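Note that the chains are named A, B, C, D, E, F, G and H in the order they appear, and that numbering of residues resets to 1 at the start of each chain.
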Amino acid sequence: MRPEDIESLLESVRDGRLTPLVAMETLRTLPFREAAGILADTHRLLRQGFVEAVFAEGKTHQQVADALKVLFDSQGAAVATRVDLSCGETLFGRFPEGVYDSTSRVFSIGRFPSRSTKLEIGVISAGTSDMPVAEEAARILEFSGWTVNRIQDVGVAGLHRILGKLEELRSCAVLIVVAGMEGALPGVVGGLVGCPVIAVPTSVGYGVGQNGYAALLTMLTTCASGVCVMNIDNGYGAAVAAQRILNGLSGE
Amino acid sequence: MRPEDIESLLESVRDGRLTPLVAMETLRTLPFREAAGILADTHRLLRQGFVEAVFAEGKTHQQVADALKVLFDSQGAAVATRVDLSCGETLFGRFPEGVYDSTSRVFSIGRFPSRSTKLEIGVISAGTSDMPVAEEAARILEFSGWTVNRIQDVGVAGLHRILGKLEELRSCAVLIVVAGMEGALPGVVGGLVGCPVIAVPTSVGYGVGQNGYAALLTMLTTCASGVCVMNIDNGYGAAVAAQRILNGLSGE
Amino acid sequence: MRPEDIESLLESVRDGRLTPLVAMETLRTLPFREAAGILADTHRLLRQGFVEAVFAEGKTHQQVADALKVLFDSQGAAVATRVDLSCGETLFGRFPEGVYDSTSRVFSIGRFPSRSTKLEIGVISAGTSDMPVAEEAARILEFSGWTVNRIQDVGVAGLHRILGKLEELRSCAVLIVVAGMEGALPGVVGGLVGCPVIAVPTSVGYGVGQNGYAALLTMLTTCASGVCVMNIDNGYGAAVAAQRILNGLSGE
Amino acid sequence: MRPEDIESLLESVRDGRLTPLVAMETLRTLPFREAAGILADTHRLLRQGFVEAVFAEGKTHQQVADALKVLFDSQGAAVATRVDLSCGETLFGRFPEGVYDSTSRVFSIGRFPSRSTKLEIGVISAGTSDMPVAEEAARILEFSGWTVNRIQDVGVAGLHRILGKLEELRSCAVLIVVAGMEGALPGVVGGLVGCPVIAVPTSVGYGVGQNGYAALLTMLTTCASGVCVMNIDNGYGAAVAAQRILNGLSGE
Amino acid sequence: MRPEDIESLLESVRDGRLTPLVAMETLRTLPFREAAGILADTHRLLRQGFVEAVFAEGKTHQQVADALKVLFDSQGAAVATRVDLSCGETLFGRFPEGVYDSTSRVFSIGRFPSRSTKLEIGVISAGTSDMPVAEEAARILEFSGWTVNRIQDVGVAGLHRILGKLEELRSCAVLIVVAGMEGALPGVVGGLVGCPVIAVPTSVGYGVGQNGYAALLTMLTTCASGVCVMNIDNGYGAAVAAQRILNGLSGE
Amino acid sequence: MRPEDIESLLESVRDGRLTPLVAMETLRTLPFREAAGILADTHRLLRQGFVEAVFAEGKTHQQVADALKVLFDSQGAAVATRVDLSCGETLFGRFPEGVYDSTSRVFSIGRFPSRSTKLEIGVISAGTSDMPVAEEAARILEFSGWTVNRIQDVGVAGLHRILGKLEELRSCAVLIVVAGMEGALPGVVGGLVGCPVIAVPTSVGYGVGQNGYAALLTMLTTCASGVCVMNIDNGYGAAVAAQRILNGLSGE
Amino acid sequence: MRPEDIESLLESVRDGRLTPLVAMETLRTLPFREAAGILADTHRLLRQGFVEAVFAEGKTHQQVADALKVLFDSQGAAVATRVDLSCGETLFGRFPEGVYDSTSRVFSIGRFPSRSTKLEIGVISAGTSDMPVAEEAARILEFSGWTVNRIQDVGVAGLHRILGKLEELRSCAVLIVVAGMEGALPGVVGGLVGCPVIAVPTSVGYGVGQNGYAALLTMLTTCASGVCVMNIDNGYGAAVAAQRILNGLSGE
Amino acid sequence: MRPEDIESLLESVRDGRLTPLVAMETLRTLPFREAAGILADTHRLLRQGFVEAVFAEGKTHQQVADALKVLFDSQGAAVATRVDLSCGETLFGRFPEGVYDSTSRVFSIGRFPSRSTKLEIGVISAGTSDMPVAEEAARILEFSGWTVNRIQDVGVAGLHRILGKLEELRSCAVLIVVAGMEGALPGVVGGLVGCPVIAVPTSVGYGVGQNGYAALLTMLTTCASGVCVMNIDNGYGAAVAAQRILNGLSGE
C-alpha cells in the first residue's frame, strides 16, 4: 500500500464511500503489508543488486526445477548451486537451454546483462582442489553480469606464484580468495593489496584440515587487517558479498 | 628502486661511471628491495588507504608508546587498540595530546583529515555489552576520517527496534554489525539491505555463548546472502574491511 | 498391587484367612511391583498424556513391527518415527491400514481421538529443508489428537515472511519452531509472542552449519527470554514437550 | 497507536474534522509506530505475561541502577540478575527498599502481585552447588507472583532422594530441574511425571564436566521424551519459559 | 521398614491390635521408605564398602564443616576432598584432631580400621605435578583402612623407571595410574600386569595438553586391553573404584 | 624360556654337559626372549588371566583368519571382534567349527573351560540399540569361561525397570553397564550397588548424541563414586577389565 | 635470469651493444623472474633436496596422470600419493612402467638414484592398521633414493616388542614413528634414542580415537623432548621432513 | 650386564663357584637391569646429545631449586624453563651465579661449551608477542653451546619482511619458526628453504586464535611439505628437536 493508496482511502472515507470501520479493516493489515514491502526489496534484482539462487542440496530435483522456473519467469534468467550430476541431468532435460558445469555444480539458464566493464573481480584459488568453490563464485558473478579474472593454483607454499600475479591482483576491484588446508593465501594477499578481500575456506584437506576448520580459523585470525570471511565452501556467498560491494562501486 | 633509478644506473654503466660488477652488486639485491617496496605500500596511508594501528595486548607500555611514536612521526597521527586502563594512563603521560576512550580501549593521537562526507558507515550493535567492540570499529573509522552513524541496542529479540531504523540502515554505504550471544542481528540486517554487511561476533555471553563461538557460527551460517564475517571481538579489522570498500567508493 | 488389594490382604490377615508369614511373602515383592507401578504410569496414555512412539533408527524392520504391534494392541493406535523407505515398505506390508509419510519418516496406524479443538499448535519451519523435522513434530501431534497449524518457509533472511504471519502465531497455544543453518528463527519468534516456544535445531546446513550445532548454539543463547530447546532433529521430542504443556491447558 | 485511535482518526476524517492530507501525515508514521507497538508488547507485563529483568553481567553499576529505575518506574517493581556482591552494594545504596540475595545474585525492588495460587512450580536441584542457578529461577518466579516449591539435593546417585519426593513432583504444574556434572536428573524426573519439565544445566563440575557441557549434552539427549533445555546456568530463562506456560494455565 | 517390621505389623493386624485401615496407611508409604532404604545402603560403610567424602569445591567453609560433622558423628571418621588452604585452616580450627594435607587437599578426621593387610594398592604417578591427584587417591584409601604403595615419577619418557618397578607393580592387587600431558603411562602399565588398572588423567599440561583432555583420550584409546578410566583429576573416584574391587577381594 | 628352563640350563653347565660358551649362545638371546617373555605373559591365558582377541576392523579377511589361526593353535580357542558380515562368511568358510554372531560381530572358535561358577557378571544395557556392544562384552566373557547375566532395556527414562532388577544387580560380582544417548544408566546403577561398575558408552544416538560423546561425558562426570569408564563402543575392553577383577576374585 | 646473465647484459650496455633503454626493458621483468627463480628452487630436486609428489585425492584421474607426466619429463621419475585402486588402474594403463602399491596407495614411475648408503631411515609402525601411512613414508623415501628399515607392529601395549628393536632403532639416522589409537609409541621411542624422531598420527581407531585426534594430542604432549609431529595420516610429509634432515647429514 | 659378564657368570657355575640357583637369581633380573641401562643413555649428555631442563611450572620454588642443583652437580651447568618472576628471584637467591631472563622465563647456571661453529640455527618469530617462546628456544640452544640467529617480526602480513631475510634463512642448518594467531609463517618459510623447519605455534591471539589452536592447525596442514610441528608454546621442545638434528650434522 503506497502513500497514494492511503490518501485515496482516506478520501473515500471523507466522501462517505467507505465507512470508518471498513477502512480500519484495510488499515489493520497495513503494517504487515509494509513488512511485505520489504519482501519486494529482497526479491527485486534492480533494487537489491544481486540475484537469488536456488540452493539445490537437500531439495528434490522437482523442487529445484520448480524454483528455477519461478525465478526464470520473474527475472529472465535463473541459477542453481550445489547441483549434483544426477540433478543436473534432470534440469537439463527440463531446461535444454540451460548450462551445467560439473566442477562448480552450477546450473544456469540465461544470464544477466553485463554490468560495469571497468570493474574486474579477481577469483583466486590456492590449489586445483579448491576450484569447485572458486568456480561457484566466478560463475555466479558472470551469470550476474560481472567480469571475472580467474587466478589459479597460487598457494603460499610457492610464494613466487602469487608474487608473480601482483599486478593482476592490484587491478581488481574486489578479490575473492579461496583456499583449503592451511588457508593462508587470503592473509598473504590481504597484505599485498588495499582493495576488499573476501576469504572463502574450503573443506579440501585431510587430517586436522579435513572439513575446512583449519582454513577457516587461519582466515579469521590472519594478521593482514580487514580480510573478511565466508562460511566453509560458500562460494555463492562470496559472490554476493562481492556484488554488495560492486553495486556501490558501479554507481548502481 | 624505481624504474628511473634503474635507467640512471644503466646510464652510469654506459658512461663508464660504474663498472658492470658494481652495478650487478646493486642489482643483485634488487628483487628484495622490490619486495621491500611492498612494505612501503603497506605502510603508506595514501596508497593502501587505511592506517596501521598498534595492537597493545601482550605488549609492554613502553613498546606500545614507542610504536605509537614511530607511527605518529611518519603519519602525523597514530592510534592504538586494546589499551587497558593502566596502559592508557602511561600513554596519556607520554602523549598529553592523546585521547583515551575506556569503553573501546582505543588511544589516539590526532586524526586523519575527513574523507568523503557523502559516505556514511553504520556501526550497529545488538546490546550494550557489545559496545566496546562496536566503539573500537567506530573510533578507528573516525580517526581515519570517515563519518560514522552509531545504531545501538537493536537486537533481534525486539524486532521493532531494528525495523524502526530501516531508513537509517539503507542510507549507509557500509554496515558493520556487532553482536554477541546468539549473533543473529547481521543476518536480519543482511536481509533488509543491499549494501556490504560486515559481521563482528563478540565474546559477550555465558554458557554455550561464553566466548563468542555461538555468535560466530550464526554469522557464518546466516541465510542472508553475502554477509562476511570477522574474528570474534575484531572491531579494528571490521573498520579496516570497511575502509577497503570505502576507498573504492570514494574514488581514492 | 493396588491399594484395594493391600486392604483385602490385610483383612484376610485380620480374619485369619492368611497367616502373617504368607502375607509377608506377598508383600515382600511389593516395592518392586510398586516400582512396576511407575511403569504403568509411563505407558498409560490417559494418565501421562502423551503416546509412546517406536524409534525405528538402529532397529531391524522386525523389531519395529513387533513394537508397533504391542503398542497398537494396548493403545488402539501406534506410531513409529525415523522409518526409512525400506522399513516403511515392510511395515506397510504388515499393517496395510497404516500410513507412511516419506518426508517425516513417520509410520502410523490409526490415531487418537481429537483433543481440545480450541488449542492450536503452530509448527513453524525456517526453510523447506527443515520440513522433515517439522513434519515429524506435526504428525506426532496430529496422531495424538491435536490440531496443528503449519507455517513454512519463514526464515529470518526475509523478515516480512514471519511478520506477515504474526496474527497466526499469536493465536497458537504453543509454538514449535524448527530451523537449521543459523537457527535464528526461534529467537525472533520468541520476541514476538508470549506463549511457550519450543525450538528445534535441524542438521540442515554445510560448512560450520553442517550438523546442526550452529543452530543449536544460536537457540540456546537467544536473547529472547524463555525459549527452550530440543536436541538436533528431535521433532518427536518437541511434540511431546508440547503435549506436556497442552495437557495442562486442556484441563486433562 | 491503538485500534481505537485509528478508528477515531477515521471518524474525524468522515466527519470533516480532519482533512485526508493531515490524517495521512498521522498515518504515515504508522508502520513504525506499529512496529514500536511490538515493543510495547514486550515491555507490558499484562500482555506478554512475564517481566523483563536487567542482566547485570558486563554492565557498570550505574547502567544496572539506571535500567532498574526505568523498569521500576514503568512496572512498579523491578529485578536484576547476575548481580555480584559489589554491584549489589551499590544498588542497595541507591534502592534501600531493594532485596539482594547473594546466592542467586538477584536484586529485586518490590514484587508483582500473587498470581494463581493453585499453580505451584517445582524448582528442583541436584546438588547444593546447583543452588545459585535454581535460586535465580525460583526468585524470578516469586518476584513475578508465582508460588515455588524448592526441592533440593536430590541427585540421581541416590535415587531414593528423588523417589521420596514423587508426590511433591506430581503436584506441580511445571518443573524446573537444575543439575551440573552429569546432568541426569531432568531425564529421570521426566520419566516420572507428565507435566512440562524445563532442564537447566549448570557449569558446576570439574574435568570434562567443568563448564556444564556434559550436563547440557545429557539433557539434550535424554531418553525421557519432551524434556526441553535452557542454556547453561540460565535460571532466569527457565523462569520465563515456565511463565510462558503458566500464563496459559492460569487463564491469563 | 525391615522385613521383621512388616511381620510384626502383620501380627498386630492378626491380633487385632491394628485395624487393616491403619496398617494400610503404614504400608502405603512403604515403597518410598523402601526407596529410603536404598539410602541407608549408600551411607552405611559396612554394607557398601566405601566411605562418603565431602567434596569441598563450591561449598562454603561452614557447609564443609557441617557435612564433616554429620559424617563423623555417624561413621566415627570423616574426610573431605578439594579443600583449599583457607578452608583447611577453618576446618582445623573446628576439628583440631583433623589432619590437612596441602598437596592432596584432603582433610581427614580419624580413619577407619585397617582392612585386609594382604592386599596392597599401587598408586603410580607419571610426574611430580601429578602428585596432588595421586595423593588424593592414596589418602582416601589409607583413610579407609587400606595399604597403599606409592610409586612416583615413572613416566614413559624414561622407560627404565617403570620397568625397574615391575615386581612392585605385579605384587599389587589393584593399580591406580595417574598421569597428565600425554597420559601414556596407564597403557604401558596395563600391558605389563594382569590386575585391574584404573587410569586417572590429570589437568597437568600446557598447549593441547592444558586441561587433561589429551591424557584422557590417550587413556580411553590405549591398546592395552581392559584399562578403565576416571574423569580428569578424579583421584577420589579412583580410590572408590579401587575399593569396589578390593571389597570383593578381601571377602567383605 | 621359562624359569625352570634356565635352571636346567645352568645345571647342565655345572654338570659339564654344556660348555659356558654354548650356554652363553643360548642365553645371548635371553634378554629379548625375556622381553619376549613379557609377550608370553600377554599371550598366555593362565598367567595374565584374559585372552587376546583379533580386532578385525581395518584388517583384510586374510589377516583376520591368519591371526585367528595363530591364536587358536596356541590357545586351543580363539576369538575375533568387529567382524562384519562379509568377513564373518570368509571366516566361516575357513573355520567351519566357528560361531559367528551378527549382532555382536564376534566370531569365535571353541571356548575356554568354565571358570568359577560362583561369580556372575552382569551385562546391563539401556536400550535395544546398545545390544551390539553389550553382546560383544557378554560373548567375550562367555568365550573366556565366565557366567554372564544379561539385563536388557532398563534405561533410566523408566526407573521401575532398573529398580525391578535390584536383586539381580546385587548378586553380581562385577557389572558392565552399556548405554548410548544420555548414558545415565551407569551412574544410577553405581548409586545402587557396591560392586565394581564398568561403564561403556555407545555411539548410539543422534543430534548431539550422535557419536557417543554425550554418553561418555555423562559417565565420566557421574556423581555416583567409583564408576570407571571405557572408550565408546569398547565392549571387548569392558570384558577384559572385568576379567582383570574376576581373576583376583576367583583366586586365580 | 641468472647472475651471469645479468653480468653479461651489463657488459653489453658498457660496450654499447645495448642501449640503456633496451636493457631496462629486459630488467623490468626481473623481479618477477627472480620471484619465478624461487619457483625453480622449489622444483629443482638437486637444490631443494626432495621431490615433489602429486597428491591424487580430489583430483581426476586425468589431472593426476597429466601432473605425473610433467614431473616425469622434468625429473626422470615421478610419484603420486593417495592413489585409490581405480585411479591406480588408470595410471597403470597410461604408464605401464609404473608401480602401484595398494597398501600405501603410492604410484611411482622410475626412481631417483641411491643416496648415501650409510644413512638408514627407520620407519616404525605401532600396528598393522598403521601400515598404509608408514608405507607411504617408506616408499616416498625409497623412491627418492634413500634406504629404509621397516619396523612393524611394535605398539607400547607390549613393551618387549619395541625394546627388542632397540639396537636397530639406534642405528638409524632418522626415525619416522607412525601410530594410531593412543599414539604413545613416538614418545616411548623418543625417550630411547637421541636422533630426530618424526611422529605421524594415523586416523586408525574408534570411539574417541576415531579420526586420529587422540593420537595427535598424545604426540604433541609427549614428555619425551624434541619429538616433532606431522598432520594425521601425513606419511608423505614425514618422508619430506626426513629428507630435509638427511640432505644435511649426507652433505648434499 | 654385558656378554662378558654372562660368560664369566657361567664359568663360575661351571667351576662350582656359584650354584645354579644363585646364578639364576642374577639372571632373573637381567632384562630389567638391561632396561635400567637405558636410563644411563637418557641422562648422559654426551651420548644423548641434549641437556635435560627443569620444567618449573607446577613445581614449588624449592623443587625447582633442588632439581637444578642435582643437574648442575652432574652436568656442570643447568637450566630451568617456565620460571616466573617470583620463582626466578628465589633461584637467584640460591644460585647468585645464575642468569634469569624474564622474557623467555629461562633460568640458567653456566652453559655448555660451544659446539660446531659452522652450524647456525635460525629462530624466527612472526611478531613481538611470540618472542617469549622464540627466546625459550634460542636460550636453550645457546645454553647447550649452539649458535643462534634471531630473526624477528617477519609475519606474513608483510611479505617483504621475510623475503628480505631470504639469504639469512638459507644459511641456517635448521630453522625454528614461531608464530601465533594465524600461524602461516612456517609454511611460507618451508616453501622458501630446503633445510629442516620446526614450527612452534604460540598461544598468542584472541577470538578463535585465543589459545594457539588456529596456529597449530595451520602448521599441521601447511602445503609446504615436510614442516614438522611442536606443541603450542613448546619452545624448549623445538630446541631439543633441533639438537637431535644438529648432533647428526655436527658429527657428534
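Before moving on, here are some points about what is shown:
Quick note on the criterion: a contact is a pair of C-beta atoms (placed from the backbone, for glycine too) under 8 Å apart; a residue touches a chain by one contact, two chains touch by 3 or more.
Every value quoted in this text rests on a predicted model; they were computed, and no experiment measured them.
If you take chain G and chain H together, the chains in touch with both are A, B, E, F. Listed by label, the chains that touch chain C and also chain H are A, B, E, F.
Taken over every residue number at the interface, the positions common to chain F and chain G amount to under half, indicating a different-residue contact. Repeating the G-H interface, with the same residue numbers in over half of the contact pairs, is the pair E-F out of B-D, D-F or E-F. Distance between chain centres (mean CA atoms), chain D to chain G: 60 Å. In terms of their C-alpha centroids, the spacing between chain D and chain E amounts to 39 Å.
One finds 50 Å separating the Cα centroids of chain A and chain H. Each chain gets a centre from the mean of its Cα atoms; for chain E and chain G, those two points are 50 Å apart.
Those residues of chain B in touch with two or more other chains are numbered 31, 35, 38, 42, 157-159, 163, 191-192, 207-209, 213, 216, 220-221, 225, 231-232.
Applying the touch definition to every pair of chains gives A-B, A-C, A-D, A-G, A-H, B-C, B-D, B-G, B-H, C-D, C-E, C-F, D-E, D-F, E-F, E-G, E-H, F-G, F-H, G-H.
Every residue of chain E that touches chain F in the complex is listed here, in rising order: 38, 41-42, 47-50, 52, 173, 191-192, 194-198, 216, 220-221, 225-232, 236-245, 247-249. By the touch rule above, chain D contacts chain A in their complex via residues 3, 6-7, 10-11, 13-14, 16, 19-21, 23-24, 27-28, 30-31, 34-35. Those residues of chain B whose C-beta lies close enough to touch chain D in the complex are 128-129, 157-161, 163-164, 204, 206-210. Interface residues of chain E facing chain G in the complex, by the touch rule stated above, are 126-127, 155-159, 163, 181-184, 187-188, 190-192, 205, 207-209, 213-215, 217-225.
Taken in their complex, chain B has these residues touching chain H: 31-32, 35-39, 42, 57-59, 63, 201, 203, 211-213, 216, 231-234.
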